[in-house]
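Think of it as A, B, C and D in the order they're written, each chain with its own count starting at 1.
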Amino acid sequence: MPFFPTGKEGTYIFTPLVFLFYAGNFLILNPEERNINVNTIIQGILNGSMMGCIYALIALGLSIIFGVMNIVNFAHGDFVMLSMYFTFWAGSLFSIDAVATPFITFPLLFLFGVVVYFLIIEGTLRQKYVTQIAVTVGLMTLLRALAQIMWKAQARALPYSIIQGSVNIGEITLMTSRIISALVSIAAIFVVALFFDKTWPGRAIRAASDDLDAASLMGVNYRWIYAFSFGLGSALTALAGGLLMSFQQVDPTMGLRFGLLSWCILALTGMGSIPGLLVSGIIVGSAESISMSLWDPRARSLIIYLIFVLVLWLRPRGIFGRK
Amino acid sequence: MNTSVNNTWKSSRILIGILVLASLLLPLLFGKNQYNMILLTTIVLYSVLSTAWNIIGGMAGQLDLAAGAYLGLGAFTSGTLVIRYNITPWIGMILGGIVAVAFALLIGYPLFRFGVREVWYALSSSALVEVLRVAFLMWEDVGGPIERFIPYHDWSLYHLRFGTYTPFYYIMLFFLFFTLYINHRIRNRKLGYYLLSLGDNEDAAEVLGVDARTCKLKALVIYAFIVGATGAVYACLYGFIHPSFFSSPISLEVAILGIVGGMGITYGPLMASVILVSAREILRASLGGQMESFYLIIYAVVLIIIALFRPKGIGHMFQTAVSRLAEKRNRAVPATGGNRNGE
Amino acid sequence: MKKYMFAVLCVLFLLFIPMVLFAGGQPEKEEAGGIPEKVIVGCLEPLTGAHAVFGSEAKIGMEIAVRHINAAGGISSLGGIPIEMVVEDCGENANSAKLGAESIISKHHPAAILGLYISRLTVAASEVTEREKVILIADALVDNVTAMGRRYLFRPAPKASQHGVSAVEFVVEAAKQQGVPVSRVAILNEDSSFGRSNAMGAVDAALNNGLTVVYQREYPFDISDVSSIVTDITSAKADFVVHCPYFMDAILFANTFRETGKIPKFIVGMGACGYTDPESIQALSDSSEFYANTYSYNPAKDTAQNKKFVQDFIAETGHIPTEAGGMNYYAMWVLAEALELSGKLFPDDPLQPDNLREAFLQLDLTSGPAVDAYPTEQINFTDTGDNPYARATVLQVIGGESKVVWPFDDAEAAAVFPRPDSTY
Amino acid sequence: MGDKIILQTESVTKKFGNLLAVNKVSFDIFEGEVLGLIGPNGAGKTTLFNTITGLYQPDGGRVLFNGIDISGIQPYKVCKLGMSRTFQVTKAFGSMSVSEAVRVGAYNRHGEKNVAEKVDEILDFFQLSEIRDQKCSDLGLAPLKRVELARAAATDPVLLLLDEAGAGLTATEMAELMNMLKVLREKLNITLCIVEHVMQMVMGLCDRIVVLDHGVLIAQGLPVEISRNQSVIEAYLGKRAVK
């Protein structure tokens, strides 16, 4: 195909490592053609970091469900998808702004989480991880199919949100919706971290998850503790959903992307560190954004997954992991 | 060896013989109708994939979600060879398998070396499918967004292109027998026992002298080769190659079939494929227009129910039923001891 | 419980095999030439999965066309026999497309099949139609669909690169008309073969018109954040953007453009739906204003036939015909005309595939219902199955409704050019 | 009891974060003896076992097995050299039958041809022939422990480490187990190292005892000596009121 002046022809790419090498080459060889200057990079890092904070918020729910309670949930991304549809539904039904919907969707998703826990997850607690994966893959497929039936395959979006707008600093444009979302995400992450470190219900959850058998023997009502945590994990996606829907749209297939993304952030962070999510979220977000403007927009998922696989290889317990 | 064992073995041999013969003769019955033939071919194709998955997923307990990656690699290898250099897919099949194996080694060695286990293995394998899809989308020389056609021939053994599906059915059927045989052989040899023990408990297996890394890598290589070779046929069956062959849904489906069929049971995935793939097709053909994505719901519910209540899958249910039947028969005749089903 | 479940599964297992095998049905008796009682036409569209949006709209377009054709007296050269449409789902991958094609052919033996919409599916299914010698009227616009060397494949609609050309030409003409200088263009497309074909056309047209391509990228259709792309376009100082969106990403781009507050002189979409689709307009509400998009169909064409169709379509769905609907409406009419011609040329065996193909090739329509609903004034087919006279129209969202603004002769409303909210 | 040293640990250390789970522990195991390893809960006995068998990497010191440095090598290699173990919390091969589980162990030193013989022999020895076709997941605790012992013994080890083989067993089951271990030692000439809480078993079976407390070796010697050792009584027996 003699087409497209992007200079990709003739380069044989096979292994991931060669890919990275190729990316490096490209940056060095073609700076003029790519219109690259310092502003582009700063802009990319800022955009990416703000998105990264939201990614961290998405991963926060999974961090509670998996990191704290050790339940494998492959359907987490579809929880986010569901929360975005709930946001759309609440927003269009009551004609309120996307950012206001978490007041409605938060309890809904909490309830959803609790119901899912009792119906499906509880039976798998003492079984092999394969069972948990199988069950949650089933849940994922089910949610996706239901969303497709209820809302059809096309994308849904809410009207232009009040938090949308932009701020210009010199050559750099920052979008207010991203800034506000990032700030809310950071706040939410710290509140949840404090909850688990400083309050007794948080510590009780940690204690119960450390030793399921001991907790159930000691009379701690582990069922409700687990149900509550699972509910909390899924309710937090409502917050993420509200923020995302203020500037994005939702379609039934977006679950897998968000799911893998949050697992990637979790792997990068390591077990047990909640504020660490922010750092890895920002790393992933900026890597994504920079690769989009400097290399190729198609490469974004490539970069994310490569980070993921490399982290698993080289540092299986993550940046902040305590093993 | 007592009589009841002999009897069971004899009757299961007869049963296998009948099934093999029936599967060979099916095209005579349905060969006139191309629709039936492609449906049969699809069922057998999925059976091959999920039976191969049984080696790494079912026996070794490594929940591999990268079937699409190896399938795509096989398809692209043989597809590119036949399109560019007019090299027959028969060679492409072998080369496709080899490329898939090379990739599996490249990925699998570090994963197993660094002890990536369980969830993380599943996730990283599913990330690989996406990585490859994007990589081939960007690699304009071989992939790229535009479909590449494999030239059409009415009947060409050399190009593996036919105007009918019957040859593909037989090729896939051969693959299926081969895969089942490999499964069966592994299952009753050292490797099989080692893999099963790894799947059950890796620590316990290792202190019994099981070399976890090598065994898992062996399983991965066998699986990748079969899936890669299948990919070559897949490309010829559909007549084009496209990065969408690196498909997460197909990878998930293969794993689902393997789990529903019963982890580690040789014929489990086969049974699951026959049931679920035909169910999907019936739902698509009959309800497709009215109830979008309905078959996905059936899939999901079956998967959840099986995983929750019968984690050992359809194959295991079948096994227990057979052994119960045999017990009944043994009770009628004075029994001399237990039988050994499932071996 | 255990026993019960097992019994159920056993029964299912035993039932499924014969059910599946006979679901295809026994082949009916072949029509041995002569004039049949009715013409069976297959509608094979993606009715499930990711592309179901397009498929269901296309199906509605075909249904209305069949109603209109039969109400107008069927195929008169065949003694006024009616068209009967049979529907089948082709799913979302090559496997299901092939299954669907085999299934519909073995069950119903249609004289022609319309649909498939996605090029990947068309490629897979056309192998079946080719072997069975069934005419396939494709509505997948990707250029290479007609470059496969399929003998029995025809595509009345303008091909994708034509859309790219039309989008650029529209902007250039409108700029000339308004006296606005445009020289720098950004070209953007999603990473499917459709997006690529569109962009190829657009790049070609841009170079032919002496424009500079200052930004050209392909991005994944499922992208979730486009702020980097939008800011890059801004910093490349593009006068206008030619964009081939998939579907959801159009919403994302429109919102992000508005949010950054840096809007080029014009943003025009090329290819299928994107910016001016009723669903997008609904999802975007006021952000959709002034966006334009090429269209393979002209909903504003001032003919009685077209008005009737638009009316019926609105009655059924509540919105003006989408591209998929319109395209298949005239495609069905083209088929009817071809059948008509075949009946005249080969009265002995009009439905024989080679005869029907010959009729298609000899077709040269400049009037009649098919042309009335067609965006240009002439329909005939080359050997490859394309209509060389096909051309896309451009729709723009003005006041919350999409209006035809180009070609200027057929325009419903004057194009708003450049965008009033443009910031540079 | 021979005086050939079969296993030697030289100031083995294992840390978890800041916690010193095993702190510079050095002791020897002689060929043919039964060594008891005791200590209160959390003394680091299981961690020591895991470090010896290669499941954990030691953070310091080394382990010599028959004079070969095995510190930190993979568990399967340790097994090939002739050391196997059982686990405190049983790690059954749930999807396999009893005979299959034993077969996994038997493959360590036997090829396809004679593995079946070995399996039958081991099953007979551990009185498991009756239940050879039952799934491990269906077994009770006592038979399960026996299966674990059997599959470890099937690897033909020179040294067998038993982690709380007696925990949770009734008195009769305990007596049976002790008998079996005695026969195992005499007939197959296997050296045993036992972690145990049940004093009856430790005192009745062991030739020598090593005591760990908070990751530190505090005493070693004959059972009689240990039961009189003051620091041991304080650290361990003292708390439990010697009966």
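FYI, a residue touches a chain if its C-beta (ideal position, glycine included) is under 8 Å from a C-beta of that chain, and two chains touch if they have at least 3 such contacts.
From a predicted model like this one, the values you see are computed outputs, not experimental measurements.
**Q** Which chain's mean C-alpha position is the greatest distance from chain D's?
**A** The chain farthest from chain D, judged by C-alpha centres, is C.
**Q** Higher C-beta contact count, A-B or B-D?
**A** Result of the comparison of A-B and B-D: A-B.
**Q** Provide the C-alpha centroid distance between chain A and chain B, rounded to the nearest whole angstrom.
**A** Each chain's C-alpha centroid was found; their separation is 32 Å.
**Q** Using CA atom averages as chain centres, what separation in Å is found between chain B and chain D?
**A** Distance between chain centres, rounded to whole Å: 41 Å.
**Q** Between chain A and chain D, what is the separation of their C-alpha centroids in Å?
**A** 45
**Q** Counting only Cα atoms for the centres, state how far chain A is from chain C in Å.
**A** 35
**Q** Can you pull out the residues of chain C that are in contact with at least two other chains?
**A** If we look for residues of chain C contacting two or more partner chains, we find 49, 52, 191, 218, 220.
**Q** Considering chain A alone, which of its residues make contact with at least two other chains?
**A** As it turns out, chain A has residues touching two or more other chains at 4, 148, 152-153, 296, 298, 301.
**Q** Please set out, as single numbers or ranges, the residues of chain B touching at least two other chains.
**A** Those would be 134, 137, 144, 146, 263, 292-294.
**Q** What does chain D use to touch chain B in their complex?
**A** It comes out as residues 53-55, 74-76, 78-80, 84-85, 87, 91-97, 100-101, 103-105, 107-108, 112, 115, 133, 148, 151-152, 154-155.
**Q** Residue numbers of chain B touching chain D in their complex, please.
**A** Touch residues, chain B against chain D: 189-190, 193-194, 196-197, 199-201, 203-213, 263-264, 312, 338-340, 342.
**Q** Taking the touch rule as given, give the residues of chain C at its contact with chain B in the complex, in rising order.
**A** Checking each residue of chain C against chain B gives 2, 5-6, 9-10, 12-13, 16-17, 19-21, 23-24, 26-27, 47-49, 52, 59, 87-89, 91, 93-96, 98-100, 102-103, 105-107, 119-120, 123-124, 127-128, 130-132, 142, 144, 148, 191-193, 195-197, 218, 220.
**Q** Which stretch or stretches of chain B touch chain A in the complex?
**A** Where chain B meets chain A, its residues are 61, 63, 106-107, 110-111, 114-116, 118-120, 122-124, 126-128, 130-131, 134-135, 137-141, 144, 146, 248, 252, 255-256, 259, 263, 291-294, 296-297, 299-301, 303-304, 306-308, 311.
**Q** Give every residue of chain A touching chain C within the complex, in rising order.
**A** Where chain A meets chain C, its residues are 3-6, 35, 39-40, 43-44, 47-48, 51, 148, 152-157, 159-160, 164-166, 168, 171, 173, 175-178, 247-249, 251, 253-254, 257, 288-289, 292-293, 296-298, 300-301.
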